[in-house]
Amino acid sequence: MAFDLSDLRTDLTLEAATIARQGLAGLPGVETQEEERHGIGVYRVRVVDEAGRRATGKAIGRYVTIEAAGLLRPDRALQERVARVLAAELGALLSLAPDAHVLVVGLGNSNATPDALGPRVVDQVLVTRHLRRRTPRDLAGGLRTVSAVAPGVLGQTGIETSDLITGIVRQVRPDAVIAVDALAARGIGRICSSIQLADTGIQPGSGVGSHRAGITKETLGVAQVVAVGIPTVVHAMTIAMDTVDLVAERVGGPLRDLPVEVKRRIVEDVLSPTVGDLMVTPKEIDELIADMARLVAAGINAALHPAVADRPFLL
Amino acid sequence: MAFDLSDLRTDLTLEAATIARQGLAGLPGVETQEEERHGIGVYRVRVVDEAGRRATGKAIGRYVTIEAAGLLRPDRALQERVARVLAAELGALLSLAPDAHVLVVGLGNSNATPDALGPRVVDQVLVTRHLRRRTPRDLAGGLRTVSAVAPGVLGQTGIETSDLITGIVRQVRPDAVIAVDALAARGIGRICSSIQLADTGIQPGSGVGSHRAGITKETLGVAQVVAVGIPTVVHAMTIAMDTVDLVAERVGGPLRDLPVEVKRRIVEDVLSPTVGDLMVTPKEIDELIADMARLVAAGINAALHPAVADRPFLL
Amino acid sequence: MAFDLSDLRTDLTLEAATIARQGLAGLPGVETQEEERHGIGVYRVRVVDEAGRRATGKAIGRYVTIEAAGLLRPDRALQERVARVLAAELGALLSLAPDAHVLVVGLGNSNATPDALGPRVVDQVLVTRHLRRRTPRDLAGGLRTVSAVAPGVLGQTGIETSDLITGIVRQVRPDAVIAVDALAARGIGRICSSIQLADTGIQPGSGVGSHRAGITKETLGVAQVVAVGIPTVVHAMTIAMDTVDLVAERVGGPLRDLPVEVKRRIVEDVLSPTVGDLMVTPKEIDELIADMARLVAAGINAALHPAVADRPFLL
Amino acid sequence: MAFDLSDLRTDLTLEAATIARQGLAGLPGVETQEEERHGIGVYRVRVVDEAGRRATGKAIGRYVTIEAAGLLRPDRALQERVARVLAAELGALLSLAPDAHVLVVGLGNSNATPDALGPRVVDQVLVTRHLRRRTPRDLAGGLRTVSAVAPGVLGQTGIETSDLITGIVRQVRPDAVIAVDALAARGIGRICSSIQLADTGIQPGSGVGSHRAGITKETLGVAQVVAVGIPTVVHAMTIAMDTVDLVAERVGGPLRDLPVEVKRRIVEDVLSPTVGDLMVTPKEIDELIADMARLVAAGINAALHPAVADRPFLL
């Protein structure tokens, strides 16, 4: 799915950590795994079959959440460790021949800071496809064939992002696509606190009014599509709604039965006249996006290029 | 006062429109005036004397609010009209000899988009001081002597902004200072909906924990200091608090008597763990700041340079 | 042709002014026209047939050069006049039905200032295609169907720019393409002094080692492809070579017969160790590119959207 | 001295490497030292007394040039090594008490890429002065008291950079100043190939027409002023003049006696109409400046903050 900022939303599909914690582990058709790597939580969920799909409401596939609360602070040492975990998890999700060609797609709007994660990652991906025209497509030098594009968002181009990517993919025929995107978090505490991966690509929006196509193996006609997302903003609406719920919980009594309709009207009135288009970000968002983009690019570079993985990451 | 983003707050001092509407017009020592210029509301409040000061809690001086709700939309024709009104009001607040030297100070952090209004205005101010060293300091060519600095915020420099400006002012001795800054709005609807002027400069923060000096005639030792501000963000706390209040108002009953302490705790819990450092902005904030900076710079250029005022603004 | 900065070169194909002046006017199969519009020189050359093609070495088609030496200075009034001329000439080159869909392609590297003209133009093009899905594709509101992409350069993406554009064009099927690019000037005096148009698109490079495809009607399978270029840099090599030639001319004698091979070696030694990758730009290049991008975007917007053309340009 | 891009020039004062090589080592009042650290050349020259001053034409003081030709390539490992050498040399030039306050000044224009080195370094300097108001000014935590400003250039502010810095220094009274600036190289091969240090600060320009004050211990009234510069551009004039000289050398004969006046006219004609304001830069200048700024900031941070020096640099 093509995200512009208005689309930034909690992509439940990817939140493996939540699934694992909610005890979905025992569901039929669902396998979960939990691990601590370098002091960083790694949660893996596999929706194995149709039973799992029905039980979770999620597409069959593998989901990984890398949790590291400290990412919000400018801690380079932690960022380096998380980048290494990302490289390992990404490498495990992908199944690449030495001569495979991988296209990295940076989704989002380079001119809107909290949505610029994808384009900034693309700026730092080690692109090699154009360098190896005349050499055999093997792993000589420890570098894989990598290309990268940042197609922009619908509001910038007038074209669905999925259409732009489909057109490019049909022309250059990569073996795998990695799609990087900024996500909307479901709460303040989740901003820049995790990296979410899914080998199902980005599923089409199911919400009312959303008619957009996804970015998946099926829509692109590519064997593998892995999505990489980091929550960077919270919708103002989420905060207002959370506030209403917390008031109800604390005060109790009649308030607990406040109809959803009333709640919604209160939230709309608070956010009027711009309901839905307001983002909540930490004040250091410019710096945060720069840090996260460097981290994700380092992880992708190490996952794709063995020559890079062997050296210090030098974020 | 040195604003970094954590300081962005509703500067009540400047909200002349609110004062005018709240019927403060009848107060002793307070004069108000309301005007419609080119379809744009202009509210002027004068705190005349000590009585007015006590009545309003504001420093003696003149306050102007230019209101134009449509500024949030990318409407160049409206922006041009507002820039002309700004030029006129700014010209009226300042009292400049033809050979006066005006220093424009852009407050805020150029690396944090919603706080970058001041630095971006400075980028577009028509600076002339260095061009007229050898020519007599008159209005030859219709250009006044103008200089401009963007000193950065405390978090960038480690130095109070007021100290940086004081040092510079003592060295270059301008006749007047115009200080431009981004403000925190008291509600969503106020973002980029008004321009606020005050010839009292920027008063020292009076809030708890705020120990910062102001940027005023007194602190700088300059005859005139005019502040120009535009609300660009709302604190997430404001939205959460507004939500609590609206729930109380709509639901009524026992909720109406909810102790402030309980409200505050609810808000803190919603925004945890980053209470106070979260900003709410429209998703088009990058574009909005660019538009507002161009508008304010055009208004300042026309107010200071008669040669510019006579020509089309060409925002 | 995919330009990255190393490809920035004098695109002779587009220099209609030079052709007109060199008295090519009398050649068989070539029609020329010269006009002064608003104090701006407009040179039109038409290569009519195979005879004209042989005589000029250029593809059959129409070429327009808009000359305005003053563009190097930040003169907004002149920029506005040039934008209007550009809109008129672009409108004359294109032949668009009211419901035509035009794709604007910004060539170049957004992260390399002198090469960023194309991407910055795309940032300011009035994109409408996504707004009119459900309304009939007519000229309601005076706005045409416009989309825009900035695909990046080979060094960023690893993919030939012509391949990226071909893939996108096949997917979204525009009726016409406008390709905007920064050019390398053949001399200092030409930087930002003209705008060059051609309805032949961008022809494939013919230089040694250049194996790149063009961006033309034929390669894209689109009925119309118009190129818009502005010279923004000069190769350091050009300046060194010009110097050698001028020394020879001034000093005369044996120097006049200096073998090309010797000249080339001198130039290489001066520019060693980085011959070929050095650009010469005015020191105000950041500002110049911003001005030129705004000008070209204004011209394109007015050429495509009748509703825009009727209003002041408000560059 | 206030540099805007037109001032960027070879600062001979700083080129210790050249002095060392030119056999100035034997001059009276001049001490030289040459070292290889981590495969990087370090040249130190000390102008000891008045005799040395007359012999070299340079102010009494210490000059260090760190040479590393490979810096032009994006080699992170080399950059890290050079940053460590810079930290060591800077530490040796400065003589700081544990509780000393150091002001880092980033000279140059943040809106003109090749001149933006200083401001970009300031963006990455670890600023602490505002954090330690209430703690004793010692080395608790291994962090020194550091502040940083990027005052802008004359063309931006209308104020001499030396005046801005003097005003600020008088207000905040640092114990030492580090002034970082981009320099104009004397030849292509020198761009980003060395880092130049001098504990004489930045001496006033001695060239024709240069009336600007320096940034020195004397002008600022500060005990220590160390300049850090990296050549980032070459004047187009330098390249044209080098070409003329090389033609003369290669062709010989009457050309060898070409009067300087004739040479100068040739160069002016080649660069007409913009002689003097043209810069030559590698096409990757945006990336180069980013790399150099990170390197210099890392060196400064490690030189000033012992806590940083002990950890990996993580450029």
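Read from first to last, the chains carry the letters A, B, C and D; within each, the first residue is number 1.
FYI, contacts are C-beta pairs under 8 Å (C-beta built on N, C-alpha and C of every residue); 3 or more make two chains touch, one makes a residue touch a chain.
No experiment lies behind these values; they were computed from the predicted model shown.
> Which chains contact both subunit A and subunit D?
Of all the chains present, those in contact with both subunit A and subunit D are B, C.
> Among the chains, which has its CA centre at the largest distance from subunit B's?
With centres defined by C-alpha atoms, farthest from subunit B sits C.
> Taking the mean of the CA coordinates per chain, how far is subunit A from subunit C in Å?
38
> Could you please state the distance in Å, as a whole number, between where the Cα atoms of subunit B are centred and where those of subunit C are centred?
Between these chains, centre-to-centre, one finds 42 Å.
> Which residues does subunit B have that touch at least 2 chains other than itself?
Expected reply: 111.
> Hey, which residues of subunit A end up touching subunit C in the complex?
110-111, 122-123, 127-131, 145-152, 154-160, 163-164, 166-172
> Would you tell me which residues of subunit C are touching subunit D in their complex?
Those in contact with subunit D are residues 5-6, 72, 111-113, 115, 188-189, 191, 236, 239-240, 242-244, 246-248, 250-251, 253-255, 258, 262, 266-267, 269-274, 277-287.
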